[in-house]
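To keep things simple, chains are lettered A, B, C and D as they appear, and every chain counts its residues starting from 1.
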């Protein structure tokens, strides 16, 4: 089987879903004729025309707001925020409407839509193009937040997001778009379910998005000179979080490291620690270690790699936690 | 000394600051002629006219965006979001500009402004008028988030916020606006510093905003039949968080309960737990207990009191943690 | 020529009934006697229910309430001008319009007593619930209109309603711009009631009319006397017809007045004069419409007395039913977080129910 | 009359130089020879530095870069038309304007190599750094203009620049509306370069001009040939004069063309034809302006050769200095989180520095 990268996985899925379901459409800045600035929507305009592949005006709130109407009206819009750094313009439509319509109407109306957005650092981009703010969206009841980490899980998760009856924020780690390929065999992923990518006994390691691959590499680095049995969890859904999988694992291993690209404070790692505290504190043999960006404005690219969690940092965090 | 409520404390402070510093102005929806829907800005229009008490168009992003310009230009705008539930419209101005201008310009420009917003439930209001989303703002580097809890601390904290060289989100617990009075003696409060409102040995109890008062009452309820020595911390600043005060306390007591009005997941309580995990895990004799709203859309007022943390819940949480 | 005029634009104002109830026959919309009477009755029902709810609120039996007395002609005729199969995307100050769309008196009583259940329209599933985030409903109407079109319902339009103050929001701009670009069959009906809480129109925008804002989007715009039921009907009807024929969106500015407080939490004496209010009393939309109907010989005092009695008894019945109390599932909010089960939510529901029980035990 | 015209509006287009460089003498702005030459030289510097940076980027020596070739007349004259004490609130595609405001070549090289230090204007503290969040800088200009006014600087105005695509953002609307209501001395200068990345103007808005959007806010609006340096100067000058005299804000639409890619990450061949680009080549703003200056006898080939040589050597020098490497504090981001010390930030700084050391140790 041919190997594909994440962009291809996403693009193929969109082609496939749009072919099978005529209620799916895409909309966003430059998603049509141009095929998206990362080419994730390439070829859809050619196939489905402007009616189902809409190059929208530059207005993020307008994009989500219009998509909410479309979704209530029976379509399944897959909209794009060109970069997650420009998604805050639509926070009020998300918090005020997309997330609430089901509850507000006691289920009479629902808002099945997907907000795709490339996020995260490491691609030497301009300001606002490198942040990880999944926690903003996760702190909103009624919204699901999904982050794939590989060509293998990106496609099935995007499909699940499109089929989901609720608004799904689908954050794509742009650093992983083209950085590696996999031969993708069909596999089912369920929104709300984390994946144990490797079972183990000694330590639970939780990550997601682009950090996942660095985490796997860091584990390999440790294994080159140390024998240990890590349990590695790919979170995949940030909210609603799969507490059970994490908690069960920590109960078994007694140790945990969480690797997050977002700034330290008020990020997903804190929520994971809180869940462990709630349900597995007495099993802990060491503090849960969080490896994160700092509470600074994400630096421009000359400095960014110093600020993102490095493989070295992950290695050290795992070792320290094992040795605690 | 006459007793005053929180609205009076805030109003007096605004009058005082605007009299002394002609660069301070207020702006927002209905803050001028009407004196604000909660009357916090009452009388300022009469004294300072439309030039320094601006009834703005209804455009939250425009209000913050314009205030950013004013602040860079040498004024100190104190703007109002009429309710915190309508502040998401300005998230992009906050995340993209207010919080970043200092860093972007390496200190050449700064954005000293205050965004006041009533927040929180318990006043039988319409939809969107009862949420607690301080974590949204706290997860933004470069932004300070302050929440007073009483007439005594509201004034000095607002003054400190206005004098602060950075953008400060100042969230006012509207349930506490008029629900109690205090005779206010002058006291200094520093942004970034939590207050130990009562020292004790057995358990650390952390809260903020309107929950603070319920927490104090819950402690009284327990004391009516149980002898115990709680250390009670009023967080006051959500970000940057005063980790040291919390951690020192937990090291001493070994037990902790956090009471938060916000939904459970990704809220400040999780961050507090993460800080304790980082720095005081081995001192814990029980899991940190968090008492919070649930991860649901904040219900309308017929049900809201069932969903907000009740005094009974706080009592039970403290007892359980003491007895763990 | 180097300083060329490259575009000229104009804005018109439509009115049909004058203050004495005399109609301009040239412009008369095509409405049957039954339709005229249905419209009049709906406006009257709106007015009487509004008053009753205000009364209940003042007695502490309802929560914060927006009132709409004086604006009935600015929204009720719009509903008559569209179809049940069209989408209605309202705001929060158009009680009569909602009742015409199939909401019951009980809906209103429930909602303003803090029950989400009041948002469920039992008759029409193309009426969105009340929208409070100003301006944010406008793009929804654009999306609904687009969806209908794409799904092959060539005939469906979307009507959305909002206030003068809401035109200052970015969402107003983005929605009208999207509607223009997407050629969406939407009618944007602005209730220019002169105030946004305390803020008068002239602090809201420097443009002299709201209607002229249509020029910025290259779409139709018109101002209409919002206290003139026939003019509002006609303007909305024409906009709907144009939209159905694929001629795109229209912005309508209905000039009217909020006769009472913004909501029951508001004290309008702080910011506007009694004289101003009195000057608008003379323009009362219901009085004016009644004069017209009377002149036309299709209304009289007897019918009025009967109507009022009927409405009063309907309202009494609804209030009575409502006051008997409603049995409502405490944990319903957990039912509607997601459309799929989520363990974390179910765990919290269990905890919620357990806490509720403990509250009950310990008082 | 019941269907009254209640407002009429028109939009004009200003141009002074035709494509052959012939000027309409009636409309000629009042500019000295020195000023004309300074303007021409600034436009040329912008063009040459743009080309050099593109070159460096293609060699992997700079990061993603927006280029501005072809738009020089749409922004450089605007800077000449305002004062150093006025505020300049730009976007990201006006290199020449920034250089005229005192930024150095080094500023540009640093910034596009990923150093925030490139944002610090060494000469002028009324020039805001590059703004990337589209439309979000517009309200800043309104606030700056208001602040100057309130602080008694009656003469100060604010100039803000943004693209055609940015007019679709809610912030555009809110800023122009605020400016109107607050009567703020602001000049909104839209660079209508026909595209927003791949999206052509007609997908951006249904209005035929950007200038007519001024009507929605009751403010002045004008379209200008954006490849005509004199017309842009004149339009901005008049707007600035009006603003200084308390006559409020102006929206100027400069019609121009983005000759190259959106940024170096973009491939324009995916969405626009060579023919379209070629049609705009004939309108090149620098060529046109040079023809005018030559006709006027204040420019010739020798001066051109000398200018190019001088600019080339300035650029060479800056690039050389830049390539020698810059020593920059790794932990500077911690310095500018807050203007007051915060323990949690200092703890993190310490941890950052410790980690950095460990990285160095372990490679």
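The rule we apply is simple: a residue touches a chain if its C-beta (ideal position, glycine included) is under 8 Å from a C-beta of that chain, and two chains touch if they have at least 3 such contacts.
This structure is a prediction, so every number in the text was calculated from the model and none was measured.
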Of B-C and A-C, whichever chain pair has more C-beta contact pairs: A-C
By mean C-alpha coordinates, which chain is most distant from chain B? D
Using mean C-alpha positions as chain centres, tell me how far chain B is from chain C in Å, no decimals. 35
I'd like the Å distance between the centres of chain A and chain C, where a centre is the mean of that chain's Cα atoms. 40
Go ahead and note the Å separation of the Cα centroids belonging to chain C and chain D. 43
Measure off the straight-line distance from the CA centroid of chain A to the CA centroid of chain B, and report it in whole Å. 30
Residues within chain B bordering two or more other chains: 56-57, 59, 61-62, 85-86, 89, 92, 96, 103-104, 127-128, 141-142, 240-241, 265, 295-297
Send over the residues of chain D in touch with two or more other chains. 116, 133, 168-171, 173-174, 177, 181, 203-205, 332-333, 336-337, 344-345
With touch defined as at the start, can you tell me which chain A residues reach chain D in the complex? 29-30, 33-35, 37, 55-59, 61-62, 85-86, 89, 124-128, 264-265, 294-297, 299-304, 306-307, 310, 312-313, 316
Contact set on chain C toward chain D in their complex: 2-16, 24, 26-27, 168-174, 177, 180-181, 183, 203-209, 211-213, 215-219, 223, 231, 248
Quick one: which bits of chain B touch chain D in the complex? Just the residue numbers, please. 23, 25, 51-52, 54, 56-57, 59, 61-62, 64-75, 77, 92-93, 96-97, 101-110, 112, 141-142, 144, 164-166, 191-192, 240-244
Quick one: in the complex, what on chain C touches chain A? 87, 89, 116-117, 119-121, 125, 128-129, 131, 133, 136-148, 150-151, 158, 170-171, 173-175, 177-178, 181-182, 332-333, 335-340, 342-345, 347
Flag every residue of chain D that touches chain A in the complex, lowest number first. 63-64, 92, 111, 113-116, 130, 132-135, 165-166, 168-170, 196-199, 203-205, 265-266, 270-271, 328, 330, 332-334, 336-337, 344-345, 348-349, 351-352, 355-356, 358-359, 362
